[in-house]
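Presented sequentially are two complexes of subunit A, the first with subunit B as partner and the second with subunit C.
Right, the complex of A and B next:
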């Protein structure tokens, strides 16, 4: 056992690479055919997919930029154009990459013919896509989803539903395509199947030891974002769930020696993801739950698909109030029997990070477990001070001794 | 000398501190030097001084390192964060303390101490140097007085200037502006301390203000800082005799739990 690595890689990793390679090739082919849209991560992609439009995800590409450790360079290109360092690093690196695709991983995202933004994850996406529109000539569609406070109201859903109808009109006129209800139902079924399997894999992490760690989930979530509503996503999550189930039945954990179970809040530092989580794995720290990968859940299936799309997509984690976030974290800490939590205050992502100091207090009050807030960014490594973060994490871990 | 000994080494950004304790945790010797360019060299200087003062070889004595440079001390049995070490050190000196405010050269921390002497919650300053010793060093330089004189100088003011508490660099520009406007240097110095106390007050409220409150770290020696922090928190502050040594003391106490090297 002593020679075994602290972190156990998933066998499904190779399948994930194949699926993502196919996604990228599909994107390039669709761009050449004039059928590619860039889409925000929380957009109801089932609609364009059902209409034969392929989706590419700049936020996911931002994760690639971060992982490839070229965030500062690509963000720098946007800053050279006059964009503020305070702007989201997904937006900056996307604008930088679009201005200099030759200096971007894989030559940049394929050129879009439309830009589909939904502000359920943040308000920056609209201006970001406006900037991309100026650079590429692709038109922007905004699906407006006002924030939800407390219970979702019927008039709120009705408003978003009208946006979905406008989306269909926009896609029809932009691409010369139409929406068939039967096809949308097929896409909805694929999306539901993938999300169900993904949710089962996430919930398997309630087991001790946890079969997945944070980095596993952050990588494995790629198809639920980028291939939602397609058959390859269902196949991948079926394979992942089989592996997770196998680990659980054999008592195999994601890390060799699980001692401390923590929750992770927010997007990860993509440029440091393995070093960070595997470094902690060596110290027996596993993250069986996080708020980010749990954000893709729910189904649009049912009688009235447009109503369901409007209800689901406007009621996502980041579009709800602080109390909803606190409730979710408290629920995860209790359900997954966690010892503490780490909140990553991401300078880029104001929507995710604002309120964390208050949330931290409330979560500790309600659960009795300690937490820590660390500061940095998901793509721009210039904002990540390793020594300061190490001290905060070390101090949290010392509380468990 | 007979009996078990322990050493704590606190390698801070500005000063390095060492404390040697006996098996009961009583302090036998301590030493403080400027960290300078090499934390390791400063640590060795401290150990030599401890050895000289106690008349014992420090080799083989269990040692815990802490502070900003803790991971540089490879001969230490373990490294432990300054958050835990200060908490344990303060608890030893005054078990009633529930809120510890430590302000060092480049960071400041507020620690809620549990009844067992261990941290229950903590908050540290962000990447900005406002609210740390560096802030006061910059202000002293602009006012052309030494850092040791700054506190007494500020206490002469009855009407502190308003200084931004958000950024050391901007606050420095602001101070230069106040000097240019002919404001009383005592008032400007007082304003700088009030601004710093404001920043630390916010940090403290993040973990919950609970009396009695202890202040440690090099900045705790500054009487104007203590005055304005006390006003800010509406509470009396308690300061140990050697507020710079509590981290090293906590580390030394923890070292007593380490196995003795053969």
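Right, the complex of A and C next:
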């Protein structure tokens, strides 16, 4: 074991870098052609993609800002413009980066011609994109997907569906493009294939040892967010799944000595992602499941595409109530045979985080496994107290000894 | 074009404090924010003695008429400035300060008169999740939700909200065994219209002459009605407006005020222009779910200043509730209530920032506002995102602005008062 790392890197990482580089270059080229939209991670991107619009993802760029450890500086630029430090750090760093692209990784995201927000992941996205609109002049389109309580009602689907029709009208008038059903079906097929492969890779983590750890999934999720509905995403997930299958068949785990299996809830601290998870890997802790990367699932394929888009995108993890979140965590703990869970209470993200104190109690009641809530942020490392977090994690791990 | 020139407010229009006393029959200027809060609590306790259920509501844009039509009293869940802790085991410190305050009230034995509570859905993330936490912590409470469209006002959003109102109506009937009554709806619409008409008149009068009625008093009367909408609470504000109108009639200015009121309702102000030569500052207060009485009390208690300097608020519990258009009883009542709610002045929880900014710009220029106060509730995303663009347009309009980070407990009260006082002194609008 001496000299060996506790964590095994994926071979597909180099392919991931190529795919993401191409995505960035495509974004820059599209911006120059006047065909770029910034899109929220839960937006039904199949529609703009089918209409020939390239998408860039500010949340993903937020992850880059975080991992480059420039979150505090870029958030600070937004605070200089008057945005409270209590606001979402994805939004603050995005506003800061738009304000000072020259001081941002890769010169900032390419300039958008439209801003497409879907509030199925949080209410902040509308206000964040409004702020970007004020700075760039790009118009905002809101696809309003009210949170779903229980079963989605017919009037709810009808309302979201009308929003999708308005989206098509908006894109047509903004970009002078049109939507062909055949092309939308092709895009939907690519999206389904990528999501199927991604889901299989995630489910492979039910094996012991788990072939993927949290950091692996958080990095590998990039194409499912930013290239959903395209061929390169399918190619990447095919390669990833092959590698994951290979690991499973050979009994190779993501970490060398798997002892404790935990669930991770919420976005990770991007600025600390390797240090945090690899540090725990050295202690035999692996995270075979998390709620964040499992959020991209389902297919819009079928007879009535718009209906399916309305149903699928309204019912995403963050657009359902607390009980639905608890149910999902309980299901993951059981299916992946986990020993406990870590809830990262992200100060930036009220939609994801407010309620975790109650969720923690419920999950433990229903599964019998212990959990811990740690507090911090995903991009703004000023809000991350490493020593305090370590103490709480240590307390959790002691329960397994 | 309507054009006013006022050298001194007190010499124009209404004749000042004598009118206030005549209208309200009580010297509310002696009351404090705490007194009013205690009075509201007392009113709620009285309500709880009756057999009529009381449902507290968190977000001010609800169909008051619907609840009344079910024989239920809707009562706004006001923040309590005196509440201490109680949320810690359930909510993180970064949940919005209003949500924490309400939760603390409930967990420390408040809300004794509660028959049920209504939370909004699709307005902000904190309140969305707090409703779930509430349901878990207080399973004995009847918890209702009303989901709003966040998208712009159009037929789709009206239809969506109308359906949600039907669901709410069914839930109320099931929970309390009180069916929806069309007769009670008609009475409720009349009652609520009487309140809004009166409050709108007073708002319009205060823009022309802030001495018409003190801002504190107006906020108090609005609060009393929203705490318990009934004939008793509509009477003071209605009487106050009637007295003001009588005086205006003598001066031949009723048409002027009514015209301003209508323009405020439509958000146009196309024929209004107010010019003021008074040295007293004319302040507009903007923000979200900040208690107008808290703001009034900050100004009242800031040394020699009076809340007379506040000529208008654009707060959720103030202007934005008061200037909700009436429910049209013709046709489907649920569609009519939906249309009324969605036609109220836009909130930062909704789509439409550019239009909101345009409206503020219009008010600044047409109403001779020379100071803008922007209230920003702690950990409130909608408030905090909206503040920078508002400050920017104020700056572009040449209107000095003051940003007030605030929480329901006024935990930073001394500093807030100090900021207000020193800002006004810097501005040159020293007290008389």
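What we mean here is this: the second predicted complex is superposed on the first by the 399 of 401 C-alpha atoms of A that agree within 3 Å, B and C clash if a C-alpha of one lies under 4 Å from a C-alpha of the other, contacts with A are read in each partner's own complex, and residues count from 1 in each chain.
To be clear about the criterion, a residue touches a chain if its C-beta (ideal position, glycine included) is under 8 Å from a C-beta of that chain, and two chains touch if they have at least 3 such contacts.
What you are looking at is a predicted structure, and each value in this text was computed from that prediction instead of being measured.
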Check: Which partner does A:334 contact after superposing on A: first (subunit B), second (subunit C), both, neither?
Finding: neither
Next item on the list: Applying the touch criterion given at the start, work out whether A:153 contacts subunit B, subunit C, both or neither, answering first, second, both or neither.
Entry: second
Note to self: One more residue to check, A:5. First (subunit B), second (subunit C), both or neither?
What the structure shows: neither
Note to self: Between subunit B and subunit C, whom does A:388 touch in the aligned arrangement: first, second, both, or neither?
What the structure shows: first
Next item on the list: Look at A:88 in the shared chain and tell me whether it touches subunit B only, subunit C only, both, or neither; answer first, second, both or neither.
Entry: second
Margin query: So in the superposed three-chain picture, is A:375 touching just subunit B, just subunit C, both, or none of them (first/second/both/neither)?
Written below: both
Margin query: Which chain, subunit B or subunit C, ends up touching more residues of subunit A in the combined arrangement?
Written below: C
Checklist line | Which of subunit B and subunit C A:353 touches, first, second, both or neither | finding: second
Next item on the list: State whether A:69 touches subunit B only (first), subunit C only (second), both chains, or neither.
Entry: neither
Note to self: Just checking: does A:364 make contact with subunit B only, subunit C only, both, or neither of them? Give me first, second, both or neither.
What the structure shows: first
Next item on the list: Could you pull out which residues of subunit A sit against subunit B in one structure and against subunit C in the other?
Entry: 357, 375
Item checked: Footprint of subunit A on subunit B - complex, ascending -> 68, 80-84, 107, 118-124, 126-127, 206
Next item on the list: Please name which positions on subunit A make contact with subunit B in the complex.
Entry: 357, 361, 364, 370, 372-373, 375, 385, 387-388, 391-392, 394-395, 398-399, 401
Check: Along subunit C, where are the residues that touch subunit A in the complex?
Finding: 89-92, 94-96, 99, 121-126, 128-130, 132-133, 136-137, 145, 147-152, 156-157, 159-160, 163-164, 167, 348-349, 351, 353, 376, 378-379, 381-382, 384-389, 391-392, 403, 405
Item checked: Sites on subunit A touched by subunit C in the complex -> 81-84, 86-88, 91, 119, 122-124, 126-128, 130-131, 133-134, 140, 142, 144, 146-147, 149, 153, 155-156, 158-159, 162-163, 321-323, 345, 347, 350-351, 353-358, 362, 375
